[in-house]
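Each of the next two complexes has chain A plus one other chain: chain B in the first, chain C in the second.
Let's look at the complex of A and B:
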């Protein structure tokens, strides 16, 4: 670790002093807890940001690919998602104290004392600049040119931002566009300081945005290209200092850690207990485990870990917190490569793989064996599907005899030494591709390979150097069988788009899905239609429909998609992740508990805004 | 021709190679231990895998402590660590041996020819050697591992050998330069013996012990490089590879944080250390065989 030793000592002294003070003055401590106030009396809060490693020399710019900015601490939004599957628009307040939605857009009321760390107020200009920048970063439009009316739920479309005075701001949605998730997407957009970032934007930015939203496809395309080019400039911009509207402001970053001081101008500064936050750098899981073993982290986010490490960190005084994770680890197939184009083959493999055993080895702490494959995590499909629909799903419990029968029916043969041969007589060999550093996938691959080899299919695990190369090579069709994350919810359209989306040759325009088997991004190559329960369905079209269907009306579509996915197995879901976190109740207390899923979907900075995490 | 044969025969008769070797090895206990270690690992690599079947997994017995069933405990998948160490020895030693083969093929040949020929040939070959010496081995292997499959010891051995002969070539050349001024070679040249005969029959036997010593030193580096590459996780995954074992123990098993995976970490590590120790101890004997001053002292 590159952090200088004197600082360690200083932090230790500060932490000890804070602990001693709180121990010596129990009455003031309890008073502090009862009023929920923090006021920077809680000492130094130490953690890591699992989604954003510290990158030496990277700018304090949230639009940079590796920014030294940390969500919930000095990286702010109008609100923070609750990750609620029953209401994907549900959010926790951030810079916006309240909001009202209408067909034409959204009206927000800023927090009464919302200020930047330089003491200036957060204004409509900041919101307008931030939403304009979103267009340059691909998180807003262009999505609905040529009179389009319906869009998928990943981007928002804003036509104007108006200051109504008194901290009230009207955010207009592009006329004619209907986006079910407009509210959440706008409220969770990154908000930056207009004075810092406006200079990076061209004066005619909103004219460009209007062109993108216009009916002239050529002008829209040209404007989109221009915005994308401007986006690169903004992403590379390096502000001289951090101007934060969040509870903390970054004062120093070195390769070992980022130091953030409490922002005295934060709108709810009285709720923020830590006077400082230190976010440690890390190179891998084992380093985080080391920090935890030493009791150095007050909060540790999810890291894949074996049971022995879990026991160790619990022994070190950490408390485990579980929150839902709408992610499933699966084995995916490239159906352009024989024999994975055959449904019985994929089904046979599902019968051979013992998902319980694989989960025990691959993700013993943060994994729950997938009950079956539906395209959604188990808890979500359980809550959506009816009892009959669930009963109709094939659980693919391990059954080598059934697997053998399916393979024989597909023309496969088994030789005297127990090895399976393809219908053309060649011995069947599988290379199961995984990624360097993905320890859970690597360990799980060992078990899958062992099970398949024992069944008579020679299987070896192969590792790609990094995830970027893995995605590139997967898209290029280099892998026949490999690991893939699916069921990325809780938004169901996004979960199914993971299977029946761009990776499967689908593109969605104006709410209609088009399938192109030769699309550059298509590596799954599933058929464009399935016959399920005697009915022909287009899974990509159904997935696109989900994006424009309110949650309350999605059940019939999901039932069809779940049944199709379960029958055809474009992927085999192995385990569903649980978001396992750890807090240390030593220097701070009042952490959210298991069950407070809305808070736990966010980093600790957001908890602090709500009055959680108080110094002891 | 007859005179040279007599000359060589007289050299051999003064100290028959086998006797000299035996004497050199048995002179110090450390050398015997070194040889025994090397022989042990070679036998382990050749015969060890015969005693085991397919590597079994047991998801209900992850990182189990040593027991009568699993002498060195189990790994992340419940597989027997002893079996992994024994089975993994073959890849490590085969790669090291193949690397040494390729290194000796290129290094000794180029060193001998350059040292004997001198002049333009020497300059050309040494520039080539310098070029090879400037190639950073491990980074090259990391890059190659993204496009090549190093699952076979042949490929790994070839790459290590092709990039690792520079040092041996330089060392052999310096010996060859010294040898070519010796009387018996002047006599051979005066007798009009062919260049091939001089290189293979006169010079090679004289530089062989020195080359062997260089090769054994190279093997230590080769073992480190191949295990390191697997440790970095950049080559095909195999539970029975020592480097993969180290990788899994550290990065997945938390061997640095908890004692339960410590034996899994130590097993391949101790093997590498002991094998290296064996080579270093045995080198002493090789050194004596080569170095006339050491021979005279005893």
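Let's look at the complex of A and C:
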């Protein structure tokens, strides 16, 4: 018999001792409240809030920048967005059971049994306080230069909240302002308890809001400053305990996890199966993969992963759920730097890069090769563009001969060793910039660099230390070619604003876009106008126009922008992301399935409100 | 004033000057980092569906803690607050006092690092003595190799290895966090047991990583002492081996004592890699997050704590040295 290795033995002994200490004492007075799986109603649902890393000492305040609050569980809204590209105002009910929109605003009917976790009812005062707070947090007005008419779908302008009795509440939009997305923006605003938060607001908050919306510029400016100062007080506020109108209420947060108990007063408590929810902290993708390998999570949010990890996760019993993701990974150009100001150069690069091969390495699980570049993800452009418009798009299938021809046409030359030279005779070298920590971009960069180098353009991948530095240096115009996310939808105006909006030096005043060549921008695009199909268009102006155009009338504008983007290639879309999630049908069952996009756009707490996720 | 008191006063004065120098240096250093607070959050808001104007307005509202005063004015304000014990307010946590964040993270660095440090010191020093005394034997060679190996393995490799073996493969120990959330924090057995259970892997990682250094340093020191004349003289005079071992130990451990004292100070820096691997939310983790979000007050606060603890440890080591080594007092 061999003697145990000292190191392994020591750790094993420590482990066993600690486990014994923990396990043996679980029968004491402070034993675990509950554990294990579902079993009808009850059990612990374990997951991760991908948007919210848990930090000890952070407040239970949804207005804090890094709160220990969890949307859909104890962080409530009147409704939750469906992320529906055909109707950006479409929502799932939350604290509001129903609603009707009009030109002057919105009337909502609260859920009949809507209550806070302290047993008191949700009232119009809660809604009014919450919408006033939104004004201090930058999510509601003021809308600069609204022009008194239709404004971009950014901030909502509430002028008053009236209690009509019986749980009916009227929410008025500022007279003269018409925001296309007012309904969704109001319904998806955070709702907090008036008794907890009202003390943080001055008594004359609505007078200040009225001043901001008024016609006196000096009074509006002074009131805006006061609101901003009050916003800081609200954001830093740390309530002593959680008072939740959601299905769960936060019991405890330790440095690595948050424990939420079922809210017995929740308006649809009978639909909520888990007795408790544990949300775990994580420090990176590997941590999530580790949890899943051990079958510890009932639901795992999207995490970038290679194929071998996907196989491990599936083997551990997880089911993959796919939902649309309106984001596309792309290679962007700074068109202020030669030769990227030349359209044929960008087109040639698109013909050289094999997007399929790059996607297989960069994002094999959560990516679908972009069929072409339009500024929108493939599924969205497919659903909006007509068959003829789609047929007219150039797919930029890999074609080195075409690329060579385009480059030669632009004055580039190829030497005897196969290396391309710029029109001025210098050898063409590309540095493809990416960011530390973005594993998919980094992996994909290697393939792109290999492909371009094999074509005769010496390409190296460079990594910036972190994203904050990337943004700073990008805005300073330090990078010529780099990775960037585009097609941020589902609102098409947002998707095109990403390429032709403020990030590109455009500002919109009274519906008119103007370009500032000296603005600190992300990836500079020049010129300001394109000639597409014989017609001169201003993409910045069209993108601005989209934001004030109802979805039903957007198609012709999108067709122009898609054609222009496809022809001019300010970016080359490489892959479109898919929102891949995983559920474990072991302790709980009845999860939403692929195809239920409206539910899958939200966290599991929202699914539970609708009766999903039941104990086994 | 006694010589000791004079010495103490001198050390404290020098320590204060050093703290001021480091505070000044780190203040300007952290502000010189490229990027600014809110940049990363702005991008996240954009990706979550906000348009540029709304994201900018929200960032302005919640990151309003970023001062727009001149650097010199900010520095003056920072020093003024510091003198009153105020480390300022976090930017990325919207005004939460920095001291609260540091205080919350502190135990989760001190507990595992201190435990790891003491365990590795005891084992490393003992193994170092054996490796020196038996340096010609197989055991001595093996111990020296083990010391070199653990001193050379990168922290993240060792931490991942422990994680894979003791969690993924054998499922003996938890992989992340500080305790099981379902136990009430406090002086109760289930909670303490859970804390111990969660601390085993990080402590082992810290201990193994520093074990090699102690072993090699002690071995080298013992070998050096073994060659001293007084050891030869004690052998010739027939002094008992146990007594000689005490002579050797007391003399050989002196250089390590300084390193140990400094290690107590360095301990407050935690270990980014270990805390990251085990998602152990200590000071290293907090500092890493604050750098990513350009949370200057938290960065400055964490650096200050690390600096002050190292300086205090240094002063204590100096003072204690005079007590344990009579030669220094002369």
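As a convention for this text, the second predicted complex is superposed on the first by the 561 of 616 C-alpha atoms of A that agree within 3 Å, B and C clash if a C-alpha of one lies under 4 Å from a C-alpha of the other, contacts with A are read in each partner's own complex, and residues count from 1 in each chain.
Going forward, contacts are C-beta pairs under 8 Å (C-beta built on N, C-alpha and C of every residue); 3 or more make two chains touch, one makes a residue touch a chain.
Every value quoted in this text rests on a predicted model; they were computed, and no experiment measured them.
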{"item": "Partner chain in contact with A:244 - chain B first, chain C second, else both or neither", "value": "neither"}
{"item": "When both partners are placed on the shared chain, which of chain B and chain C touches more of chain A", "value": "C"}
{"item": "Contacts of A:498 with chain B and chain C, given as first, second, both or neither", "value": "second"}
{"item": "Partner chain(s) touched by A:190 [first = chain B, second = chain C, both, neither]", "value": "neither"}
{"item": "Which of chain B and chain C A:548 touches, first, second, both or neither", "value": "neither"}
{"item": "Touching partner for A:208 - first (chain B), second (chain C), both, neither", "value": "neither"}
{"item": "Which superposed partner A:436 touches (first chain B, second chain C, both, neither)", "value": "first"}
{"item": "Which of chain B and chain C A:361 touches, first, second, both or neither", "value": "first"}
{"item": "Which superposed partner A:290 touches (first chain B, second chain C, both, neither)", "value": "both"}
{"item": "Touched partner set for A:59, first chain B, second chain C, both or neither", "value": "second"}
{"item": "Touching both chain C and chain B, counted on chain A across the two superposed complexes", "value": "284, 290, 293, 469"}
{"item": "Chain A-touching residues of chain B, taken from the complex the two chains share", "value": "54-57, 59-60, 62-63, 76-79, 145-146, 149, 151, 233-239, 248, 250-254, 256-258, 260-261"}
{"item": "Chain C to chain A touching residues, read off their complex", "value": "33-36, 39-41, 43-44, 46-54, 56-65, 89, 91-96, 100-101, 103-105, 108, 162-163, 165-168, 171-173, 175-186, 188-194, 196-197, 199-201, 204, 208, 275-277, 279-281, 285-286, 289, 291-294"}
{"item": "For the chain A and chain C complex, residues of the former touching the latter", "value": "7-8, 10-12, 14-26, 28-35, 44, 51, 53, 55-59, 63-66, 81, 83, 136-139, 144, 152-155, 228, 231-233, 235-236, 238, 252, 254-259, 276, 278, 280-284, 287, 290-291, 293-294, 327, 466-469, 471-473, 485, 488, 491, 493-494, 497-498, 501-503, 547"}
{"item": "For the chain A and chain B complex, residues of the former touching the latter", "value": "284-286, 289-290, 293, 305-309, 311-312, 356-358, 360-361, 364, 434, 436-437, 439, 442-443, 445-447, 450, 453-454, 460-463, 465, 469"}
